[in-house]
Amino acid sequence: MPVDVNAEVISSTRLSGDYGVVAFRAPAIATAIRPGQFVMIRTAAGDTPLLRRPYSVFERLRDTDGGVIGFSILNKRIGVGSQLLYDAAPGTRIPCLGPLGRPFSRPPDGSDAWMVAGGTGLAPFATLSEDLTGTGVRCRLFYGARTGADLFCVDRFEPLGVQVDRATEDGTLGDHGRVTVPLARELAARSGASPVAIYACGPEAMLKAVADLAARHGRPCEVATERRMGCGMGGCYSCVVRVRTQEGSSRYARSCVEGPVFRAADIVWDEWDA
Amino acid sequence: MPVDVNAEVISSTRLSGDYGVVAFRAPAIATAIRPGQFVMIRTAAGDTPLLRRPYSVFERLRDTDGGVIGFSILNKRIGVGSQLLYDAAPGTRIPCLGPLGRPFSRPPDGSDAWMVAGGTGLAPFATLSEDLTGTGVRCRLFYGARTGADLFCVDRFEPLGVQVDRATEDGTLGDHGRVTVPLARELAARSGASPVAIYACGPEAMLKAVADLAARHGRPCEVATERRMGCGMGGCYSCVVRVRTQEGSSRYARSCVEGPVFRAADIVWDEWDA
Amino acid sequence: MTDLVMGLALMDLSVQIGALRLKNPLMSASGCFGYGVEYADVVDLSTLGAVVVKGLFLAERPGHPPPRIVETPAGMLNAIGLQGIGVHRFIREKMPELRARKATVIVNICGTTIDEYTEVARILSDVDGVAGLELNISCPNIKEGGISFGCHLGNTHRVVSAVRRATPLPLIPKLTPNVTDVASFAKAAEDAGADAVSLVNTFLAMAIDVETRRPRLSNIMGGLSGPAIRPIAVRMVYECSRRVRIPIVGIGGITSAADVVEFMIAGATAVQVGTASFVDPFIWGKLESGILDYMRRHGIERVSDLTGTVDVPGEKRT
Amino acid sequence: MTDLVMGLALMDLSVQIGALRLKNPLMSASGCFGYGVEYADVVDLSTLGAVVVKGLFLAERPGHPPPRIVETPAGMLNAIGLQGIGVHRFIREKMPELRARKATVIVNICGTTIDEYTEVARILSDVDGVAGLELNISCPNIKEGGISFGCHLGNTHRVVSAVRRATPLPLIPKLTPNVTDVASFAKAAEDAGADAVSLVNTFLAMAIDVETRRPRLSNIMGGLSGPAIRPIAVRMVYECSRRVRIPIVGIGGITSAADVVEFMIAGATAVQVGTASFVDPFIWGKLESGILDYMRRHGIERVSDLTGTVDVPGEKRT
């Protein structure tokens, strides 16, 4: 059950001219959040911008004795709302509604977890890694960006024992090309006998490519989608993704309540770019 | 000729829970400003609030060697725009358009200047006092407010040799009642032989009362009006005040170009509250 | 009566819409509150004057492909395309919980033909817990039905009369603002036996991505809602209140208690809140306490006493 | 052609409105730029595509009492009441400076009768420096004339035909958005011999002070302008562009070069800027350089090539 917290900005750390991590004090949300869930953030009081902005929860924040006191987001500046968050000064209060949506599911027992992230798609994997490694699941992160300088926050993963495979489109770091390059190679190399569950978050084209790979190698895959959202609560039907129905036809599912995480096999990928 | 300066807020001094002085770095405006003129301030980027807000220039600001570097406004928090100015942090840049409008005129030679201010109506009299006392005109300020605590910035006037007569509606400071109480008394006491020009700025009811007194005592009077303004440039015809015409009829005059300062005798006071 | 002697206890928020008594004037706007059940965990549905659910046709509808919304200055465009589960599934899957939550349910009904409208109305008339029907003849996002009824006086009168004969439930035709003289449509609805009218639905609008030169909505056009439209909606409510005797449900850009009061003063008996409830799903309690505060400050005992009390000096100047 | 090889020199901002060639598509909106002369010190009037001056009747008009404007979300209401000095004083007192400043002057003409419209048009036709006439049949703030012509197809056709016979000047009827089907009015204007149409004028709207329960405007109602209305205006320009062959002047909520481009892609040949020029009287140069920048990025040589290029996949989905 979501709550609306007028959350204080604890810190705002700029990672680059576009990327930043904004930390919010919001225990009520942070303690309830599960990996893959999101919050709806009101970037400005008043009428412009009018709508809240959906953001995946990045990190859980803890005080010195380990109590969860808030969460952070990994923000990329692309328009008016994300600009306001990029500029948010510590101390300001920003309404955050959450946790919202359907989280990632645990991999089958004995299965490894491979996470595939593009850009800010890294966000939901910080808490997923935390929860899975904490319960003995071996985790691996495939992380791609345009250039090496945009591969942020890897330090949040390696300490948890997560193996990180990098890829950059300009080849400045890790594999040269999309994140699907190392993923394809490792999927091919891995014996069918050792189970692995795939989790993807990032640009829509990337999700589709990862879903294809997973299907071809017969691996279970979940994708975290990012659709335009009016309400985040199931009220407006703006955030739909086309999914298959039991009866073999398809329908529009609201990604804010039935998602943002979907089983890749449930999505009708041909209508993905509609 | 007005200029639009993206002016840096040098300082923002809160005088009370509602009143504050905001100082802007804007030499181009400050050096050109004349007493009674105003600036149009854009209190927010974006669409809300949409329109600029008109403000009288309060003080001219000088650097250590006396060069004019900016100006300040005396702001009262009454709505969204004035709230934003009240909260404006030093360093922020705020577009200021000015100087605009018709300033006060000099009193006839040998005449004293009596300034009558209500609330933030004090603003234009700081520069007027500066310019008149600087050129040998004897100045006196009648200054009224609801209560003593709201009689701000008198320290800007006494050093210039301006005699200050206070009035408060609750009697906590100076005369008990409206500012017209001391004004009426002093006008009655003054011999017709010694000329005095009256200048008024403040609530619309006060302007009317002062105009009445001046007329009854046959003293020249100018009032600085405050009408709703869309543009401040003469473009929208929103800011009108009803004035007499030579032909003995009347018309609506744009207070942003023909005013904000009008000769009290020119205003049709019966239609004032329309 | 002064602030001092007037306590909360004395104040009456209830309003009357035809035979329907609402505990307060606040309703969710259709399509902005799902089927109500989506909000059951965050809002006590029984505390709303009424829950107006998403528009329902006889059968299910897939709706338009995304993108379905785009933000605009102080507003948003939507072209959902009335995706919906149809009246039968609604009765089976949603009404039980709505009943259990003690919600006052008003169903927003749609049709592509007069027969479909009347059929949907007839089916809902026998359903326990359905308190009233809002007749959606104003959706700008579907060509057939919707607007084609709402933009022609004759069709409006025809469809309202037909549905009126089909149901004993309180009937509230919802008017489109995309017409020259909305008051004449309110009059036509009244003449055809409506118990009230609600207005406004969204304004047909369009936004284009200048980089791609493609419309920002898959449906090309969509409906504008939100604060941007409030002054036009207030004007239309005022005009209608001068033309009809039936109650008016005011809709359009309400975000605060002051906005609710403004619509009521203009002539509304009740209001609906849509877009603002996206921004703040907890808005309902804030609106109610804001209205009570206003009533206290102004010594008003019954909120219904506000309706149509705008103080207009003489006739409209020209 | 790529950014590299395309320099400023190559780019053509001129547009054609009937017989009138404008050096760029940017015009001041009537009533938002006084008589032009008010801005002569801050803007080089000769750099605007055209200066559209405040609405003029035959005689002077006092206008409405204040308050005449009120701010609303992302917009404003106005009820100026067409205060004006009348066509004769305009010619005597304002035209000389407008000529001296080399402004391309379009006069917004008003009337309470068809005879007044034609008389004003005839008088202006002989005036050196008047480049065109915008026929204001859409002012929501005066009952007689204005809207009563703009809201009835027959009247629109009548008044446009009459003025057409009265003047050889480029004639641009200005349409009101307060109608069900604005494109039909554009068509009526085209059939009656208009050289172009401009739209939109303001949306009739209302705001009430809830503390006093009085309308916020002395005139009770006023016209909504500003960014709030842009998506509706863009839709209307698009609809008209599909119905008429004459050029369209797009108006409504333009605040940036991207907004100008959006209107042109939707179907406008030129645009007018009103409310935004209150907020920034220096906006004209910024809009022009923003348009040039867009053309450079997209390899467009002639701004007129943008008109009506919205990429609409097939027909409007339903």
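Letters A, B, C and D name the chains as they come in the text, with residue numbers starting at 1 for each one.
Here is the rule we use: a contact is a pair of C-beta atoms (placed from the backbone, for glycine too) under 8 Å apart; a residue touches a chain by one contact, two chains touch by 3 or more.
Small disclaimer: the values here were computed from a predicted structure and weren't measured.
Taking the definition of touch as given, a chain qualifies here only if it contacts chain C and chain D alike; those chains are A, B. When chain centres are defined as mean Cα coordinates, A lies farthest from chain B.
Averaging C-alpha coordinates per chain places the centre of chain A 36 Å away from that of chain C. Taking each chain's centre as the mean of its C-alpha atoms, chain A lies 47 Å from chain D. Chain A and chain B have Cα centroids separated by 56 Å. For chain A, residues touching at least two other chains, in rising order: 47-48. Residue positions of chain C touching 2 or more other chains: 65, 73-75, 218, 226-228. A complete topology is adopted by the chain contact network, contact being made between every pair of chains. Touching chain A in their complex are the following residues of chain B: 46-48, 80.
Listing the residues of chain B that touch chain D in their complex gives 1-2, 4, 42, 47-52, 95, 97, 227-228, 230-231, 233-242, 251-252, 257, 271, 274. Against chain B, in their complex, chain C makes its touches with residues 73-74. Residue ranges on chain D touching chain B, taken from their complex, read 31-34, 38-39, 41-42, 54, 62-63, 65-71, 73-76, 78, 80, 83, 218, 226-228, 255, 275, 277-282.
Here chain D touches chain C in the complex through residues 64, 72-75, 77, 81, 142-144, 151, 178-180, 203-208, 210, 212-215, 218-221, 224, 226-232, 234-235, 238, 253, 258, 261-262, 265-266, 294, 309-313, 316-318, going by the rule given at the top.
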